[in-house]
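Which chain is which? They are A, B, C and D, in the order written, and residues in each are numbered from 1.
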Amino acid sequence: MVKFITAKEATHFFKNGQTVMIGGFLNCGNPQDVITEILKTNLKDFTLIANDTATPEDSRGKLVVAHKIKKAIVSHIGTNQETVRQYNAKEIEVDLQPQGTLAERIRAAGAGLGGILTPVGLNTLVAENKQIITVDNKQYLLETPLKADVAIIYATYADKFGNLAFHGSTKNFNVLMPMAADVVIVEAENISEQPLSPDNIVVPGIFVDYMIKKENNGTD
Amino acid sequence: MVKFITAKEATHFFKNGQTVMIGGFLNCGNPQDVITEILKTNLKDFTLIANDTATPEDSRGKLVVAHKIKKAIVSHIGTNQETVRQYNAKEIEVDLQPQGTLAERIRAAGAGLGGILTPVGLNTLVAENKQIITVDNKQYLLETPLKADVAIIYATYADKFGNLAFHGSTKNFNVLMPMAADVVIVEAENISEQPLSPDNIVVPGIFVDYMIKKENNGTD
Amino acid sequence: MELTKEQAQEIIARRVAREFKDGDVVTLGIGLPTKAISYVSDDVHIIVQSENGVLGVGAYQDDSNRDPHIINAGGFGVTINDGGCFVDSLTAFAMMRGGHIDLTVLGALQVDAEGNLANWCIPGKFTPGMGGAMDLVVGTKRLIIAMEHTAKGAPKILQKCTLPLTVAHKVNTIITEKAVFEIINNKLILREISPYSSLDEIRQTTDAEFIVDLTA
Amino acid sequence: MELTKEQAQEIIARRVAREFKDGDVVTLGIGLPTKAISYVSDDVHIIVQSENGVLGVGAYQDDSNRDPHIINAGGFGVTINDGGCFVDSLTAFAMMRGGHIDLTVLGALQVDAEGNLANWCIPGKFTPGMGGAMDLVVGTKRLIIAMEHTAKGAPKILQKCTLPLTVAHKVNTIITEKAVFEIINNKLILREISPYSSLDEIRQTTDAEFIVDLTA
């Protein structure tokens, strides 16, 4: 059952070298408060799984600037010039993934699948060192599951049972990651005592371990 | 863009021998009106993809009774004694699928995947004639996509743009099938002129071709 | 002691109920496993998942709250508890396969000393289909088989299942009206003898080798 | 005729706009492809999908409707049209990969006579990542590349791409300020010569063999 904690308390659930998923897409639907607290600690050497590394001033982007990310498994780094700089200087390892493949790999982990077959990336650098499997005379890449030790998730609405719902384009990876991480920490803008409508819940509370009332009510 | 038609007009989109997906789980979230009209026609020899064959009196179960189903790809037939009888008498072909595998195969078709790797069915009859693929030293069955010519779908709420939402346990396979069929016909209980809330839409209208105002406002 | 079917089922359901821990997310097979809910103690709150897409299954509906849009996996009208939610079939099974269910209780046609389970098909006689059973058993953190010890006098706990399997090597615990077994590393271990049975009777009605270790 | 960058981009955007059919679901790359929307005729209603999970992208936000929770794939605040909806990233990409997008318009670093596209990586120099581009191009029913004909004078339409590919054999149409090409069965076919260009100029600035067939 979900426990309500502070962002500072959330830092206790991280260890150096862990794999951390962080929801959000560029400047939208980003958790911020736990990251702010992590920046005050000596935690480091994380492998980040996220859509992108945002900007140097925003969310997971700040973890890159603070050299807390050893490796980034993301679809895009172009919006964060510090990630690009560290990548060119070989200070960070970057494993670029097609965005849809990244989403499917996270889902596969959460759904207990051994992988999925996708046509995306065939005949490109993405196919290197990957198994090609033929189904019905068509070739596909075998993409394997991606899971994390901890996930930091944004939600617009939550209830005391840990159920989540979202406004606008904040669903992005926030919907997928809670099933694919051992420990799930949610920063919610609005937390209600009353249960959310069971018809409209997007992430069931059973996937959420810890809930934080988000300090800043913008998305960043 | 979605077209509004009658259940009778919907029968024009079927041909003998087609593969038809029908949403619903036992007695819940079942489309009925199009099936009632199909029963009045000479249409036959369908391959049915559905969770189950319901009961002899309900929805897709009636198509079995009327001998319109040549083959059923379902997870369960035990609730329809007529399916069981036809199966034992070799009047119908039944391809039993683990329910979660059935859902994943339908999703794979809709999502453009070549298949998924699942541990479900290993070391059982389900594994017969299937490719076994090893990932990270664990074995998985390769399950391939399932698509349909036409899907008949139930929805509780719809808007004039074809967007769908659901009440209660009616989501079941109704949410998955619209992406996996060439022609998608929806029977909706409530159709509003006003758009549904973009935050709460479960099936986007771009997956829906034809919409029928459901005659009977129960689920069956 | 000769028990009626009803008595046997109540004994099993009461014993199963003791396996639920506060906060557990559980999935229960239709019939006997579902009956266990009635006997869960008041200080234990569990979240019941139903494969048709209900998380937080509540009591059966009555005349005060009929809603044909809410059923459990057996097709019966149920309510949903506060904090529950409805999901589609894909998500319901992702929950199971992905290891998000703490405990699954199912019936069986046969179960064997290696933890194999058969509960979906008697070739040539009765093949209702596996429904969600194969998915349920693969991902659950713990699998309990709750069933009467014998069927018309014939043992259901065997050295090796003869019917088509639902899953191999996954059963953790077997609860019958006569006994509780655990299966660890492909070994069947007798853990409890019901007050209504005896070691002798269990030996006579169990067609598998087992270790007796009542200390755990 | 020498065009400014702005003029070239407007010509391309106007030409791209004519490719949209009423009811089309389209995905547009950031920058030039997105500009085409401004020139769609009033009787053509398209549904714009954005990979970050918006279906039915509307106008950019202004002071009357700021909402930081709604952005497009470029990170800019946008509105959502009536009938639109928000989805998660998994669903957004299932739409693309699953063949549910009628038309995709993207920019390119290079495109070649076999329909290969390179637009995500210049090894050792500039690797922003593929983002959603590889998924976008695989499943779309039709793929249009909209780009300036050359980059600093150097051809971008080649016999064979030299940069790492985004996708192989998928480009259907190339629209530049000078020309419109189609690619059919690995053959590059010149379909239109812009009023601001000539066949000679196109030959000089295109580093690929092409068939001239202006009749289609």
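Note that a residue touches a chain if its C-beta (ideal position, glycine included) is under 8 Å from a C-beta of that chain, and two chains touch if they have at least 3 such contacts.
What you see is a predicted model; the values in this text were computed from it and never measured.
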item: Fewest hops from chain C to chain D - one hop per pair of touching chains; value: 2
item: Where chain B and chain D are represented by their mean Cα positions, the distance between them in whole Å; value: 35
item: Chain centre separation in whole Å, for chain C relative to chain B (CA means); value: 29
item: Whole-Å separation of chain centres (CA-atom averages), chain A against chain B; value: 32
item: Shared interface positions of chain C, touching two or more other chains; value: 80, 86-87, 93-94, 96-97, 138-139
item: Sequence positions of chain B contacting 2 or more other chains; value: 104, 107, 111-113, 118-119, 166-168, 199
item: Contact graph of the chains (line, ring, star, complete, other); value: other
item: Pairs of chains found to touch, sorted by chain label; value: A-B, A-C, A-D, B-C, B-D
item: Residues of chain D touching chain A in the complex; value: 50-54, 67-71, 73-75, 80, 86-90, 92-94, 96-97, 121, 127-135, 138-139, 164-168
item: Complex contacts: residues of chain A adjacent to chain D; value: 25-29, 51-52, 74-79, 84, 87, 94, 96, 98-101, 103-104, 107, 118-126, 156, 166-176, 202, 218-220
item: Chain D partner contacts - residues on chain B that touch it in the complex; value: 1, 107, 109-113, 159-161, 163, 179, 195-196, 198-199, 201, 204-207
item: Touch list for chain D against partner chain B, complex; value: 23, 25, 47, 55-56, 80, 82-87, 93-100, 138-139
item: Residue ranges of chain A touching chain B (in the complex, touch as defined); value: 104, 108, 111-119, 131, 133, 135-136, 138, 140, 142, 144, 165-168, 199-200
